[in-house]
Amino acid sequence: MTLLTRFALRRLLAALLVLLVLSIAVYALFYVLPGDPARLACGPKCTADQVAQVRTQLGLDDPALAQYAHFLHGLFAGTDISTGVGTEHCGAPCLGFSYQNGEQVTSLLAQRLPATASLSLGAMALWLVIGVGTGVLSALRHGGITERLLTAVTLAGNAVPVFIIGILLMLLFVSVLGWLPFPSYVPLTEDPEQWAWNLVLPWLSLAILESAKYARLTRSSMLDTLSEDHVRTFRAYGVRERSVIGRHALRGALPPVIALTALDLGTMFGGAVLTESLFGIPGLGKSLVDSVRTEDLPVVVGLVLVTGFFVVLANAVADVLYAVADRRVVLA
Amino acid sequence: MTTSDVLAAPGAASDTPEAAPGARQLWRRLRAQRAALAGVAVIVLLVLVALAAPLLAALEGQDPDAYHASAVDSALGGVPVGSFGGVSADHWLGVEPGTGRDLFARLVYGARISLGIGLAATVVQVVLGVAVGLAAGLGNRFLDNLLSRTTDVMLALPTLVFAIALLAIVPAGFPRPVLLVLVLGLLGWGGTSRIVRAQTLSLKSLDYVAAARLGGAGRWRIARRELLPSLAAPVVTYSALLVPSNIASEAGLSFLGIGVKPPTPSWGQMLSSATTWYQADPTYVLLPAGLIFVTVLAFTALGDGVRTALDPRAGTRLRAVARGRKGARP
Amino acid sequence: MTSPLIEVEDLTIDFPTGTGTVRAVDGLSFSVEQGGALGVVGESGSGKSATAFALLGLHRGSGARIGGSVRVAGVDVLTAGERELRGLRGGLAAMVFQDPLSSLDPYFAIGDQIAEVYRVHHPKASRRAARGRAVEVLDRVGIADAPRRARFRPHEFSGGMRQRALIAMALACEPRLLVADEPTTALDVTVQAQILDLLGELRQETGMGLLLVTHDLGVVAGSVDEVLVMKDGRAVERGPVGTVLGAPRQPYTRDLVAAVPRLGTAEPRGAATGEVLLEAVGVRREFGRRGTRVAAVDGVSLTVRAGETLGVVGESGSGKTTLGRMLVGLLEPTGGELRRPGARSGAGTPGLQMVFQDPVSSLNPRRSIGESIADPLRTAGVLDDAAIVARVRELLERVGLDPDWYHRYPHEFSGGQRQRVGIARALAPEPRLIVCDEPVSALDVTTQAQVIRLLGELQRELGLALVFIAHDLAVVRQVSDNVAVMRAGRIVEYGPAGRVYEAPEHEYTKGLLAAVPVLDPDESAARRAARRRALATTG
Amino acid sequence: GPEDSGAKAAGGKPAKGGTLYVLNQSPQEDFDPARLYTSGGGNVPGLVFRTLTTRNRENGADGSKVVPDLATDTGTPNKDATVWTYHLKDGLKYEDGSAITTADIKYGIERSFAAELSGGAPYLRDWLTGGKEYQGPYKDKGGLASIETPDAKTIVFHLNKPEGDFPLLATQTSFAPVPKAKDTGTKYENHPVSSGPYKVVANENDGEHLVLERNTHWDAKTDEERKAYPDRIDVRSGLDAAVINQRLSSGSGKDAAAVTTDTNLTAAELAKITGDKELAGRVGTGHFGYTDYISFNPKVKPFDDPKVRQAISYAVDRSTVVNALGGSSLAEPATTFLPAQESFGYTPYDAFPAGKSGDAAKAKELLKEAGYPKGLTVTLTHDSSGGDEQGPEVATALQDALKKAGITVKLEGLESSAYSEKIHGVKTEPGFFLAGWGADWPSGGPFLAPIFDGRQIVQDGYNFNNAQLDDPAVNKEIDEINKLTDLKAAAVRWGALDKKIGEQALTVPLVHPVYKRLYGKDVKNVVISDWTGVLDVAQVSVK
């Protein structure tokens, strides 16, 4: 386990480095972007004087490096901002304040996270069930007509951009059949039943897309383990096929699936932009696109860092999970 | 990066390229798979359509950018006049709502952009990915760490954000398709690089590379002679899956309004403007969606076929000779 | 008398492949009495495993076509229903597979795996009872501290322990027949001897029958009553073990027996007196990072002279390959010094070449063998294209391959042929020293003999020096002038071959020599008894 | 045209009670009266903030009149309309029962000058004496001297120039009272103190979800405008446009009592709804004063040549533009710069009659005269976001129309922010681009002055006088009209001015957009004024 701890620590350090580079990249990018955040924050009819005032207010007059240093300081030590009549404190992992509306970026992120989490976690559960199930089935029926059918179906799922799947699902379930409400995000805390009903279509869209990938991965991984010697051992000892597959083959096939799940979940926590846009889910991805458009640097940096954090974290978790699940893998 | 993760997942890379087939054999095995063959046929057909777009449009007698105010009903929000989205002898596949532009002409012209961007972006991704992956796999620890972390950053970048930002930075005069190729290519090589690095690392430890070193071959020669041919298999497989994902990405960017510039038609752009019309004029959605679907399907089938054809398990194995004490090490 | 334990009649097995069908077993018949022990030997691909698998009906669902009849413990294997077959598998007949690492599920504790199998055949047994049984059989096969070790997972066991665990799994259900498919091929000689001893003891104790599949004639000698020699899916010869090995009737069997390297029969070799080509002084090599650092080679000193053969023996993991790679410059030593008088140092030293252990991974599958051999010549850049091709053809011919095979790819060759290609490649730059890393371990005895003969010829003709790495003491004996015995990264014994083999000084060398299987069944039995006595007194 | 404007009040008598749901796209991120920039005090904010004056909450053209709110009348000007005096009504209270004073109104206005609270309209800064230098109450404790509050009920504004439109400006939320003791600076928006019929009881996720309940201290007797039928108003924002329209059209459950204040029906949705009688009956139509047009910069060749501008004016095909914006029910072809509403001073004219689909022959002729017999190539700058009125749909429609006249149009589509930056910079402004202009209040002044007043050319900020017209005659006429406090008389002169400027072909008016919005089944008393063009949440009832 010490090996594992050290490995985890090393990955963590690398992750921090990656995040730092990410934030620098975003800052750098924003300096070359056309458009003036102060102008965008102030509104089109602001006078030049007003824009200048706002620019000072936002600290955009400072040299680029000073701004970045200020950002880092806020991140590690927190920062204060004037509300006019007093000051507002923004505690230690402070990502700054939105240019657009002066809100703390951390609280903005916290507001968006539940929607994204609802979308990703639900979709994940669904695609794991559909994907792994299909994968196992087609591995078992290897070479048969069932496998070919399943392969065709999964290929098809994999082949369509998510917003088309979404539209087709809406057409079918909302317009033609009328079984489902037109999706509209309702927070879980507000009404769990409505929350689930409204998320069914977004979940399905993502799950159809993703489960295709998982089915393919599970299938090939399963075929690998099914041809492994230890599976043969249990067969040779009269263990039932069901238990050979369920206990031994599936178990061996799972590590890559786990690894991929962690990675996908990471990416998805960064916001499934297209899905969120299509279904109007107020998640991280949607606000990311919005804030890039309004050049709301603090929000963009915050979102990119959160996304990056989840992706890098998921990468590391995937590797650790993989190593734990399969001790044969040497941690490198 | 999704497919890359699958391919680059530890363990998946461990397949030593034993008995891997050469190009001739590859084609023979590919030919044996009906799905892959169908994929190839569809791709060839689509490429032909793209190349002959002006010819096909001329045959129909339509210009992809010409408006036909009379073909749509202004009072009804601009839905095409006539059934199935305004299908007629003049407009073989109907017209675009709101503008009355000819759909057939736009679809065939759109093939140029969609396929062109899909293929070209893949080339950029593969070239960059192979270069970085090889360098990381062959370089010393420092270089490897540097490049691997860079790859991590690439994979962690929210592609869309940077695509939006990059598209905003570049002067408006820059040809948009080229720009899209560059954006997709420059932001999307992480997966390839990871696969290539993993493969390089596992190949590097093989005895034939050691033999080449003993024979006096330098790094570059080893990379070229011993590694690249073996890397070709996973890279080709992966590229076949990259093409459709790039086509889908172009569609996605267009969906967010940052794809090719109007009036240039692309399937993605058509699809994105069609999304609001799916109830009032389903034909308008189904045409580009169907085409993208078929294309992506064809490439995926081809990719799968290549993967199967390259799978050492598909051929007869010479495992028996490798028995003996192999695998004895705990 | 009861009916025989195994009755195989006119067994044929066909495997459909992409290019037609392969007949793996062709009209094979044999039987084994209750409690009897049959050894099945033959070169690779002769159909031994296919036959063994057929006994348990393991070909079902694989697409193989099977003809004839197979009865095991009264069950007609080919026609039995699913249920009956499951009862046979493990319950009446159990199988031990070749590779002990991959034959166990890496994710489950060993005890649990045994318990699972036990409960399949004793559905009424509680989980607890099954676990108890697992500990019991693990203890029986000599796993010390079985209750604790039962909770270990396979990767925490050594190779020998894993093989014992597999045997324990077989024992758990008290089968009447044990089918062991090359159960010791993956193990070191000392461990191999222990396992074979264990099998012998269990037979005596439980009276179960044994079918032992192996390509190693030495292994069958002391372990079975009867031998069946197979070639190309047919039985060549069958009879009591002493008769077949001592006085083989068929020419094929005779060749096979003759090809087995023997400890006692070393050709007299001229003493090496040439110039010193290579000298290692206290060479050391460590792997891993802080905390997990291990010394694979730990202070090795040796000298290789022109025209000499230095044999290096030692069990798996003792550092032989690491040493060999350092000698040719593929690995940098972390300590000590390597002197290569008259040669540049570092990889690509033309004077030093290597033949690799694994014929599969040592040739680039995507390049023709001619190109692979030509590569060092091209890199050198001295010869023009035509001259290079001519030289490669000459080399191919020299190692006994058809020069017209220049454009063939590795997968079109057999293991022995590939090893010859590897030798040709090593010869191409006209080296003065070749390090051969287990060049014959992966080969059949007959092919093994051919390759050894080839190396000997080349050495004589070209005045080559060889460092011959092997785990097989007999093979080393045949070719070496000097021998170094390695253990845990150190050389424990180093000297002229004759001296080391006839009068070993180190306990470890003595143990190794004692564990080498011999062809004579009586001798074999005597040695086993001696080993057991030794154990009894020390343990 | 205005003839079809305004929906009839839906069936049944409106009654008090129930909850009204508002489904919107944009969250009410700014709920601070100083930061809001909405015409006529806004819709949802208008429920919480009362201002000195307010818009007349009636259907159609009547709705573009200004009426008193907190004040007893729409203001008393001095002779040249530079000093405006207001008196408060009796019995005005905040949600906590304390009395509303003119000092609070003064403080509210002063807050809007603070850089911390940026975002509001610029007029006060331009009009109030000393406004340019004032930094807001946080930095400048002394206050703004040009606003006097001789007593708690009187407030006097001193302007630096005559402004007959001042009563219309006084409808903006910056005229809402803010009690200084309750001011929390940038945090005030979380719980602004209500002076209107509803108070904020919940504000989640920065205006994404608002719950408003009756303010018991609001006295209907002091407020003739707001009906305030529902007991509760629940505003849910951050929804996708399609979601909103879909929910309104199915109208199940709570959605039966729902309306939207920011989501139009799209062409595709309209196409579907038109076929459904029940749905079509639940569509409200509104006209907000807005014009989409082509803008020329005569400083850039070849647009310095009036003939070229005229040729383009003749060549445009307004029918394809209308179609691009959703067809004839969502856009009306425009030939005047002023919106087609009396309050703006609409005077019909068509300086360069292009007919329904363009007069290519006339255009070619003009081009030949201008020295381009073989046609010419120009670049049209537009916003690259799809679905925008200045977006690619309109640009490509124009491209196709001009092609017929021998004008090759290259398109330069820019990201929204880059596009605004470029077209509003005096130095970066392209020669030929798409633009749009909306009214801050229904009057010709704010419509024409920023666009054509030479003194409003901004050198180092956002400039809206894109033609960079600095015509003394025009400037003088604008000053003259501003002096008029009779808004009707002023309107007539604005109309005449529009016609006069129109003849110079500095812009090509394309369309006036029309708003079509769905409302729920249970929604009654639908009022859509021409001032806002959208359903007034203060008037609807759900019982």
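Chains here go by letter, A, B, C and D, matching the order in which they are written, and residues are numbered from 1 within each.
Everything that follows uses one rule, which is that a contact is a pair of C-beta atoms (placed from the backbone, for glycine too) under 8 Å apart; a residue touches a chain by one contact, two chains touch by 3 or more.
What you see is a predicted model; the values in this text were computed from it and never measured.
The interface holding more C-beta pairs in contact, when B-D is weighed against A-C, is B-D.
Averaged Cα coordinates give chain C a centre that lies 88 Å from the centre of chain D. Chain centres here are Cα averages; for chain A and chain C they lie 50 Å apart.
Here the CA centre of chain A is 39 Å from the CA centre of chain D. Residue positions 242, 415, 417-418 of chain D each touch two or more of the other chains.
The residues of chain B that reach two or more other chains are 164, 168, 272, 279, listed in rising order. For chain A, residues that reach two or more other chains under the stated contact definition are 34-35, 277-278, 293, 326. Chain pairs recorded as touching, per the definition above, are A-B, A-C, A-D, B-C, B-D.
Note for the complex: chain C touches chain A at residues 56, 58, 85-91, 94-95, 97, 99, 102-108, 116-117, 120-121, 153, 155, 166, 169, 173, 291-292. The touching residues of chain A, counted against chain C in their complex, run 2-3, 6, 228-230, 232-240, 243, 247-248, 251-252, 325-328.
Those residues of chain A that touch chain D in the shared complex are 34-36, 39-51, 53-54, 56-57, 82-86, 88, 100-103, 108, 111, 174, 181-185, 277-280, 282, 293-295. Residues 14, 17-18, 21-22, 25, 29-30, 32-35, 151-152, 155-156, 158-161, 163-164, 167-168, 170-171, 175, 213, 216-217, 227, 255-256, 259-260, 263-264, 267, 270-271, 273-274, 277-278, 285, 288-289, 292-293, 300, 303-304, 307-308, 311-312, 315, 319, 322, 326, 329 of chain A are the ones that touch chain B when the two sit in their complex. Considering their complex, residues 242, 266-272, 274, 317, 319-320, 322-324, 326-330, 357, 384-387, 392-393, 395-397, 399-401, 411-415, 417-418 of chain D touch chain B.
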